[in-house]
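We just call them A, B and C in the order they show up, numbering each chain from 1.
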Amino acid sequence: MSYNSTTAIQASLKKRYARERRFQWYGRLAVLTGFVFLFILLADIVSKGTPAFTQHFIRIAVNFDADKLEVSANPTEEELYAANFNGVIKQSLREMFPDVSGRKDKRALYKLISIGAEYDLRDSVLENPGLIGTKQEVWLRAHSEAGSYLKGQVDTQLDEADRRVKDNQIQWLDSLRAEGRTESRFNVIFFTAGDSREPELAGIKAALLGSAYTLLVTFFLAFPVGVLAAIYLEEFAPRNRLTDLIEININNLAAVPSIVFGLLGLAVFINFFELPRSAPLVGGMVLSLMTLPTIIITSRAAIQAVPPSIRQAALGVGASPLQTVFHHVIPVAMPGILTGSIIGMAQALGESAPLLMIGMVAFIMDVPGGVTDPSTVLPVQIFLWADSPERGFTEKTSAAIMVLMTFLIFMNALAIYLRRRFEMK
Amino acid sequence: MQTSTVILFLLAMCVVVYNLGRKRSQVLGQRIGGYSLLHSLPRHYGYMAAAWAAIPAIVVLILAMSFEERWLAGMVAEQLPPEARELPADKFGLYYNQVLGYAQGMVGAEQLDATQVAAGDYYRRLADRFASAKAALAFLAALVGAIFAIRHISPAVRARNHVEGIIRWVLFGCSFLAVLTTLGIVLSVLFEAIQFFKIIPLSEFLFGLEWSPQMAIRADQVAASGSFGFIPLLVGTLLISAVAMLISVPIGLMSAIYLSEYATNRFRAVTKPVLEILAGVPTVVYGFFAALTVAPFIRELGESIGLSVASESALAAGIVMGIMIIPFVMSLSDDIINAVPDSLREASLGMGATMNETIRKVLLPAALPGIVGGILLAVSRAIGETMIVVMAAGLSAKLTANPLEAVTTITVQIVTLLVGDQEFDSPKTLAAFALGLVLFFVTLLLNVIALYVVRRYREQYD
Amino acid sequence: MNTMTATMDGATDNQRESDTAEKAPLDIRDHGDVGDYETIGEPFVDNAKMSARTVNVHYGDKQAIKDVSLDIGENEVIAMIGPSGCGKSTFLRTLNRMNDIIPGCRVEGEITLDNEDIYAGNQDTVLLRARVGMVFQKPNPFPKSIYENVAYGPRIHGLAHTKAEMDGIVEKSLQRAGLFEEVKDQLDKPGTGLSGGQQQRLCIARAIAVSPEVILMDEPCSALDPIATARIEELIDELREKYTIAIVTHSMQQAARVSQRTAYFHLGKLIEVGETKEIFTNPRHQLTENYITGRFG
């Protein structure tokens, strides 16, 4: 090398190394940005959702007076169902704060307690009719806004007009708290109730079961069909135009927007075959069509990875190609197939757009009892709650997201575990 | 008889037929001197017989079930009084649904008028009769098939091949479902879209600059027909997708480069799965994040520097969509960059190029077609993404390129038009299918081009 | 496993004896460890361009090169031969630190270029690789035009300031690589469109475009047909005037044709080195003889 070029290169080195360092920093920055986004997303949801797992109760002295309840001294069950527990609660509240007067203030006072409290009260009386005629200290569920104050989520510096918990309510709540009449408990109802218009009474049980039914239908349709299709394409399909067409279709379906599957479900399953709207059956059918490509593609990869020696051995002892596949190839490929199917199911569990199309967005309070009952699913429940203006629902939404993500993490961890075990063999 | 009961009985029947077929082949085998002289094992004859019984019955059941509702509706409608039959389509639907509800025991008789109750009773009788006929027909079909198959059994019949032939057809059917799905998508959106284009001319849809699908309730209202110009939706969709690409392509690509060319194995093994969590987060979660966290944040940020930002700005939806797509771009780029042969890396490094010179001047140009293909796939994803925009983008179609304003997208409009009460022949509902058609073909086109480009790219280095 | 080690140790003893004794017969299945070993022949020269002193290379736990010392003389062609996996390619790559990009690779010992330690802390791989160029086993032109392939090096190193200068470098390099006449009308065509032999000469042109002092060639003809091989061999002979060349080859004939000195590697050790004529006519070590007579490889 000439002296000239050596010096020329040496002269340029500093600049080039600076550029190299800069470039590496861009890379680190990009990775870091991804991490930061993920962190913000998770932190945002966890911080918003955690309070939803607790709920405040207020202890009230309730007078189970038969007259006030508008029942006889020994009420029948039917009487109790029609009893005026609401009035009793209101009266108890008035007794605790005797100086509250005026309709507006009274209404504000009643709003401390959830409207669901009367049903809790009724249930406890149904269980123990001896309560009638006694006076008891009872823990009653707080209204979501009162609860949010007790959780410390209300900014008292804000102008009174700008917050939903008013000054007088704050005063009552403070005095209740000072008397030890408030308590934070684990929010059981969040897991045992269906949807509700009241945030403190809303739960995810209906949506969870809806998701379970939908996923069940999806699995029982998509898994067998997907695996059989993969077997056909990998082991039996002749190389011809038709097979090419099938393969092109599978690859394209994998990239078709999910909402388009919803349109298909609406037009074909609901309008043409007249299957019930809002039902997990149809939801499962739509999601199975959506996850089929994933299952087929991963199952094919798993079948492909089975060493040909196994096939040759089976064929060599006179097994038919079909017996070879079902007795020898599929068992070996099964962990891989399951991994792909679990990933497909996780996709289906998180999916909501196509389900909006087939009417799974209804307000469902009742827990569905079967695959044809109207129901909703967890992601759609999240969508519905996210749209609700009440602050209590924001919290519930985040909590529901945490539940959903827990399931997804579990499924993906299972898939990773299976894949690891598969790779070790 | 319930369909499920029928199926159970049919299953039981198949078991019986299986045993009969097996027995018969065993008897035949003994007669000619041993099972080994049979072409197939006795159980294969059993399977064959059972299949012959099951398949005709299933065909009968499927046919009957697909015509049941239609036939019943027709028969019941004939029995209805003329004033009911002459109701407009949507009212009639409601009326008939009440009849159905009564017949299925979900609506009490007291809520309905006498003609509906009568129609409901009639429906129930008809449905019972239809169900019995269906069951009888299915059993008959199974019986005929079984008898035929059992009589057909002889030592020379290649039962195993026969059964395997049937199974192969089933396997083929399962994979052919992919084609049927595509066909179903195309036909369902096309059929409704054609209805739509009969009302709204195609040119108005494709080139119209205004989108306001609110149809007048009364004919004499102003703007009685609504406008169905698709351009604002397209612009809105592209605007949000562009923002998403501006976020995801640089970050995804640079991350992929860093992880595949610079990072240590251990760093990569930790980082990649963590970033891929972003891909596993359900879109509804991103939607929530966009609507409740990012959008208010951007609005406040904008206001603090004196910009007016819509609360449902395209920027917020786009950024969050971009975050969602980062891992997608990253893993596609990673695959593509790894497909570039090492010999090119070595050639460049071997003459004294630094790593970033090698990446920028050799690897990226060599990988360019593949990366472009990957980006096209990502764009197709962004265009088809629904939940984020439904939750975080606007509803009103504004023709603007300003990402701080609220725009709407194709998918948002499909959802708004189809969620809630709908009449199936109004242009509003049909418009959703026309949009679906456009969405399907745009994404299909992008996917086909992208898959082709990526495949060509891979072949080049194989 | 134990028995295996035992036989290998036995082989080692055998070989030690064979060093002193007259070419003791050696089982060709013995690829065993040669243990501590002194290279036969003269590894050092007076006009050394590059010299290696007790170089050891490890890939993780595996040792690929053991105590190799060797000089490469100015303007000579030195051939490195030996069976697959003997470490000859690894040794070649340590000469311009191409091993650096392999994770887990560790180099010990001293390697100098013009008496400067190339593994010293202040040494710069960019400059080193510009001075010690490399041609690889498989022709690997960039998917760019012929012109851009050759211009790549000068461009990244900033060796040309004008278009005319660059044109000059490209033309001169292609001429030296003996390719110019064949491609002068299609400089803008992709380099990947050339035939295998032309591609390899393009890669040589690309390497000499940055005017290196040493060119390392890693089996440059193994992917080529005999005619293209002959062309490259001629080229190597011509290049010797201006450059120092180290070539790894699988072909004994090629080593004999193009090189002045030959080094024989076996299992990471430099067994024997000397004048090419000497090595091929009168190998002193049994392993060398076995190899060049084709008894294993």
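As a convention for this text, a contact is a pair of C-beta atoms (placed from the backbone, for glycine too) under 8 Å apart; a residue touches a chain by one contact, two chains touch by 3 or more.
No experiment lies behind these values; they were computed from the predicted model shown.
The pair with more inter-chain C-beta contacts, choosing from B-C and A-C, is B-C. Farthest chain from chain B, judged by C-alpha centroids: C. Taking the mean of each chain's C-alpha atoms, the chain closest to the overall C-alpha centroid is B. Rounded to whole angstrom units, the spacing between the C-alpha centres of chain A and chain B is 21. In whole angstrom, the spacing between the mean C-alpha positions of chain B and chain C is 58. If each chain is reduced to the centroid of its CA atoms, chain A and chain C end up 62 Å from each other. Taken residue by residue, chain A touches two or more other chains at 9, 16-17, whereas all remaining positions touch fewer. With touch defined as above, residues shared between interfaces to two or more other chains in chain B number as follows: 352, 354, 357. In chain C, 126-127, 130, 156-157, 210 are the positions where the chain touches two or more neighbouring chains simultaneously.
Of all residues in chain B, those touching chain A in their complex are 66, 69, 160-161, 164, 167-168, 170-172, 174-179, 181-182, 184-185, 188-189, 191-192, 250-255, 257-259, 262-263, 271, 274-275, 277-278, 280-289, 291-293, 323, 326-327, 330, 352, 354-357, 359-360, 377, 380-381, 383-387, 390-391, 411, 414-415, 418-419, 424, 432-433, 436, 439-440, 443-444, 447-448, 451. Touching chain B in their complex are the following residues of chain A: 9, 16-17, 19-20, 23-24, 26-31, 33-35, 37-38, 40-41, 44-45, 48, 224-226, 228-233, 236-237, 245-246, 249-253, 255-261, 263-264, 266-268, 271-274, 289, 292-293, 296, 320-322, 346, 349-353, 356-357, 361, 379-380, 382-383, 386-387, 394, 397-398, 401, 404-405, 408, 412. Contacts from chain A toward chain C in the complex involve residues 1-2, 5-6, 8-13, 16-17. Partner chain A is touched in their complex by these residues of chain C: 124, 126-127, 130-131, 156-159, 210-213. On chain C, the positions that touch chain B within their shared complex are 96, 98, 101, 103, 125-130, 133-134, 136, 138, 140-144, 152-153, 156-157, 203, 206-207, 210.
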